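Next up: the structures, one after another.
First chain A sits with chain B, and in the next complex the same chain sits with chain C.
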Partner chain A sequence: MRAVTHDERAAAGLLAGLVAVLMAVTAFPILYSLWISLFAVNLRRPNRMPFVGLDNYIAVLSSPAFWGSVGRTALFSALAVAAILVIATLVALLLDQEFPGRRILSACLLIPWAIPSVVNGLMWKWIYDSNYGALNGLLLQLGFIGSATIWLGDSNRTLPLIANAFIWKEVPLAAILLLVTLKSIPADLYGAAAVDGAPAWRRFFAITLPALRPGFLLVTLYEAMMAVRHFDLFFLLTEGGPGGASDVVAWRIYVETFRNLSFGTGAAMSYILAIATLLMSYALIRGMARTL
Partner chain B sequence: MARIRFQSVTKRYANGATAVAGLDLDIADQEFLVLLGPSGCGKSTTLNMIAGLEEISEGALLFDDRTMNNVPAHRRDVAMVFQSYALYPHKSVFENIAFGLRMRRVPEPELRRRVMDAAAKLEIAHLLERRPSQLSGGQRQRVALGRAMVREPSVFLMDEPLSNLDASLRISMRAQIRHLHAQMHSTFVYVTHDQAEALTLADRIVVMRDGTIQQIGSPDDIYERPANLFVASFLGSPAINLLEGALETIGGTLCFRRGALTVPLPACFRGDAREVVLGLRPEDVGPATSEAAQIHGVVDTAMPAGSDQFLGVAVEGAMLFLRVPKDVRVREGEPIGFGLTESRLHLFDRTTGRSLRRAA
Partner chain C sequence: MRSRPTLCRRAALSAGAAALSLPFVRGARAADPIGYATWSAAVAQVKAHVAGFEKQTGLPVAYSNSPFAQYRETMIAKFTGGAPLDMLWVSDAWLPEFAMAGWLAPIDAYKQLTAYDAVTSDFCVQSTVFEGKQYGLTYYTDYMSFLYNADILAKAGIPAPPATWDEVVSQALTIKSKGLLDYPVVFGMTQESWMIEFISAMVYSTGGRFIDDAGNATMQDPKTGAVAALTWLADAVQTHKVLSPGCVATGELEVLKTASAGRAAFVLLPKYRLKVLNDPAQSQAAGHFKQSLMPAGNRGSHSTVGWMRFFGATPRGLSGGRAEGLVMLMEWFGGKADGEYVFQKTILKDLGLGFGITELYKDPEVRADLGAYGDVDLMARQQALARKKDTISPWFGEWNDAHGTAWQQAIVGKISVEAALRTSAETWTALKKAG
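And then the complex of A and B:
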């Protein structure tokens, strides 16, 4: 067997502390939640914790309410990711141009991203508020609406409105990722296409869009993962309401675990969400990598 | 058909830097013109102005009799090969070559025929399905040439197209570019900082420096009759030897004097300067004979270079580099004498740098 060198021993010693912390705060909860997902754990009956195997998973997957929340999660994520892609692309294209004030605009753009999620949630709660909200104020003053509207109380509008708050926070990061991709396109390519006879819009479709594909992949992947698992805004703005209109999977996990205190089912749902996210990401990477 | 004319063209950037100043240049139809100069001399800017990739700040650019200043690149009948090749990374080789034809709505059968023709000529027909990232540097270079060729443009622009290739490939591509020019009946404008490329390819060379033209002429003119010190020292490898000295008339003959060295000068030089620089190309020396002007010095270094050898000879406090046949026996530290070919001497005004050769 090969002898362990001094460097390797030193590296192991230096990493040991970090690895121990990571094991305690990451690996342990992950494995422990997998463990409890196999038991009927309910804090209202803390002394009885029978092993139920995959029963929790079967119960979740056969529940129509769960599938309802899966549908709402998918709708929310699709809305959010599509809008983020379009808006971030436009912002990145704008910031790729040279104009006075570009640096200041870039800095301002980062503000939503820098705001903590909870602050963002509370801010949008104020904006959407039916009594003193800025949205009602603006629309009333501009004459678009005749009377104050209870925005988040309309079940048809709830998901798009929450998606809007999510998009507002996520666009800056997506725009920066796309801007970096734009900056990496060699100027000669545009020169070559212009000389080849392509007007500006053809150059955009022949060069810019194909070159943005890796950026699109990254943004779609990251934002889809964020949207599918998003919880903060649902908690702060609607608590799954009105009438379950914003009852998404992340919210359902919270309710099941911390309100119903049914840790076994909550853990099983978390695992289902994690595996679904993993599969979705894998499919996205496979699908989009083929077009790169 | 395209004759290209620059009339007092200046290119100034937003930061105030002037890339090209008051350029006057007339490029004949179907000529092969090379813009030669060190980096930053304005040669690529000049090319980009022809292509329409740089706006013209002042003056006029004409193709035949049409002013092109405000004609966008995609409406000019030019094709260009970039130093970086600028192949579209997401398109196959076929689509790279075909792109310009698609933009001009060339019917599909003709488009295929022209792409296949160009690919066959450039020996890249087997690569048509590949992406640029799957090609070697030489192959990419040929695809870039193909993309420009199929367009059959009236103006063909090349911006240092060979500079990323290795030496042997560069020489064979030079020959290919010459052939291309012979076949295409287009006006070629070629930018390079490589004097060998310029001398082998050009009908005429324009030597540029700091955004201005230093000399325009045939390769022979530029090499044999450089207009100033810059042109003389930019061309030639190893570089021309430059000896500072003074002009004197001795016995009715104009002579170059430096210390004990006296070189009688041919009648083709004007004597209207005192402080001068004598230019002597390393290869322009012969055996010491009684008829020729002679230089005597001491061999400092002798370096064999294949068919020739290079000698460093100390003459009057200066070091001359000379190229002599391999069979000349020399030893370092020994005195040596050489004959000069009078007709191949160069003489410049030391103050202005201008050649003192009389206009032919």
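And then the complex of A and C:
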């Protein structure tokens, strides 16, 4: 067996402090939340926290309200990720061209991404307001609508409108990731295709799109994870309403944990969401990796 | 049979907190201040009043505050961690859970404090009582008020504000027919903490209740429950179209902004918002908003809902030699300081916050302050008709979540009024049974 060198011991010693901090702030809370998901922990009853095994998980998985929120989460995520992929691809293709003002446009593109989530949520709340919102003001002035339209208050529109606010914030990052992928495509390929007389659409479908697959994988994976776990906009815009129309899993976890103070059930829901996210990511990586 | 293990989280947290605080224990004991926690409101006023108390009594006070949005959770974490708290601000909605957990101690034994009950609005006193014991003195209070834009009513040729909910509809239809507003009634029915206050005000004014004296759900009862109030809301949106369906995405702040922009004829808002509405610096409709008594339903009165926040004491604060100092501090804030209601008048003057001491409505300074933007006698009359929320219970939060969703669905016509109230009642009964 190889002896541990002095340098290795010194390195281990130097890293030990960092590892200890990471264990304290990351590993311990994760394991502790797993532990409390096995107990009926409700802070309103601090002296009565019996061990319940998997009862919290069973209760969550047999709740129709939870499955309703799963459906809304899936719909929100599908809408958001699909739109982000399409819009970000178009933006990346635009920024890959040489034209005057491209650098300024690239910088402006980052503004939504740089805006803090809470500010983004409050801004969209103002825009969507049916009484004094900017969206109604604009549409009325342009003559597209005759009277103020109900936006977030219409339960059929709530999820798409929240998804729109989410897309607005997420598109810049996705576009940059795709732009980096676009930049890595060798120019020779386009040159050779042009020599062969391939038109632009043919070059796009035969060269650009296949070459973007790694970027698509990365963006789909990242944005799907962000969408599934998204909370801020649901909290700021609708608080799960109207009538439960935006009651997604992340919102349900918040209500259960911090409003109802039922930490046991809340932790169980969080673990179910984490496992679902993990499985979804694994399936995406497996599915899309085959095409790379 | 082996018993299931019980998670000793409190012990673990206490041990952790004790270990972390060991180096400071000696220093802390030397001063031994009264631990006083509030949310981050009226900070300058509280600090100044604490300084006055320390100067007067020589007793040190360790004042701390944290944002209201996380205050409840912060306090619960402090209680379970064994933090040195003696007095704190408490919302009426949290009383059952705080009292049942043993985090608050009753003040009934201290006549110096309970003497103020006689000069305090009844609903304020009742809001500090849980299972027959009183847990504090009023910090501030307010009630849901019915406000109208007199300018819009005048333009519509309406001589007097509505006295009943039927008149609200007829007047709103007149305003609508004259093209003054698409939706003359603006109420906030989004899922936020204000929603239950709006709803409770309407239920009480239509002569309804959510629960009976035994605590059983009566909200679904067509005669004594909340049917009339929810039916009015659903009809206002779906039939008369005087209230926007967007009300289910409208919060209290949006109601205020809409009214300030002159885009509302009738609103339900906390009474203290009248000051903002009639302030030219903050409202385009300044000078036009007036208060009238809450409209009555067919079997109702002009009742409304009142809420309050109070000074609560912890068992630590009322233990042994600490009690005397804490009682003095609680009276200094919740009662008289140097023979005057100093704190109540300060937060009214500086922040517009309401008071529970009814005799203050006769105080010349208070009348001058309130009279600058409203009818003082009417404010007092409406406060006398305010009632505490009857739904405050250990399961209030869970019930309110399900109840709010059901009401929103009924308002926009996704489900019937009866179905919404049945859901509301069944949720209440199940939670009550589970304890």
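Keep in mind that, in the parts below, the second predicted complex is superposed on the first by the 291 of 292 C-alpha atoms of A that agree within 3 Å, B and C clash if a C-alpha of one lies under 4 Å from a C-alpha of the other, contacts with A are read in each partner's own complex, and residues count from 1 in each chain.
In the analysis below, a contact is a pair of C-beta atoms (placed from the backbone, for glycine too) under 8 Å apart; a residue touches a chain by one contact, two chains touch by 3 or more.
Quick caveat: nothing in here was measured; it's all calculated off a predicted structure.
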Partners on chain A (chain B, chain C) - clash or fit: fit
More chain A residues in contact [chain B versus chain C]: C
First, second, both or neither for A:L261, with chain B first and chain C second: second
First (chain B), second (chain C), both or neither touched by A:F51: second
Touched partner set for A:A206, first chain B, second chain C, both or neither: first
Which superposed partner A:A192 touches (first chain B, second chain C, both, neither): first
Partner chain in contact with A:T238 - chain B first, chain C second, else both or neither: second
Closest Cα approach, chain C to chain B, once both complexes are overlaid on chain A (Å): 50
Footprint overlap on chain A, where chain B in one structure and chain C in the other make contact: none
Residues of chain A touching chain B in the complex: 186, 188-189, 191-199, 202, 206-207, 210-211, 213
Interfacial residue positions of chain A with respect to chain C in the complex: 35-36, 39, 41, 43-47, 49-51, 128-132, 147-148, 150-155, 158, 237-244, 247, 255, 258-261
Chain C residues within the chain A interface of the complex: 4-7, 9-10, 73, 76, 79-80, 97, 100-102, 182-183, 186, 189-192, 244-250, 254, 257-258, 261, 263, 394, 397-398, 401, 404-406, 408-409, 412, 414
Interface residues, chain B side, partner chain A - complex: 48, 51-53, 72-76, 78-80, 82-84, 86-91, 99-100, 103-104, 147, 151, 157
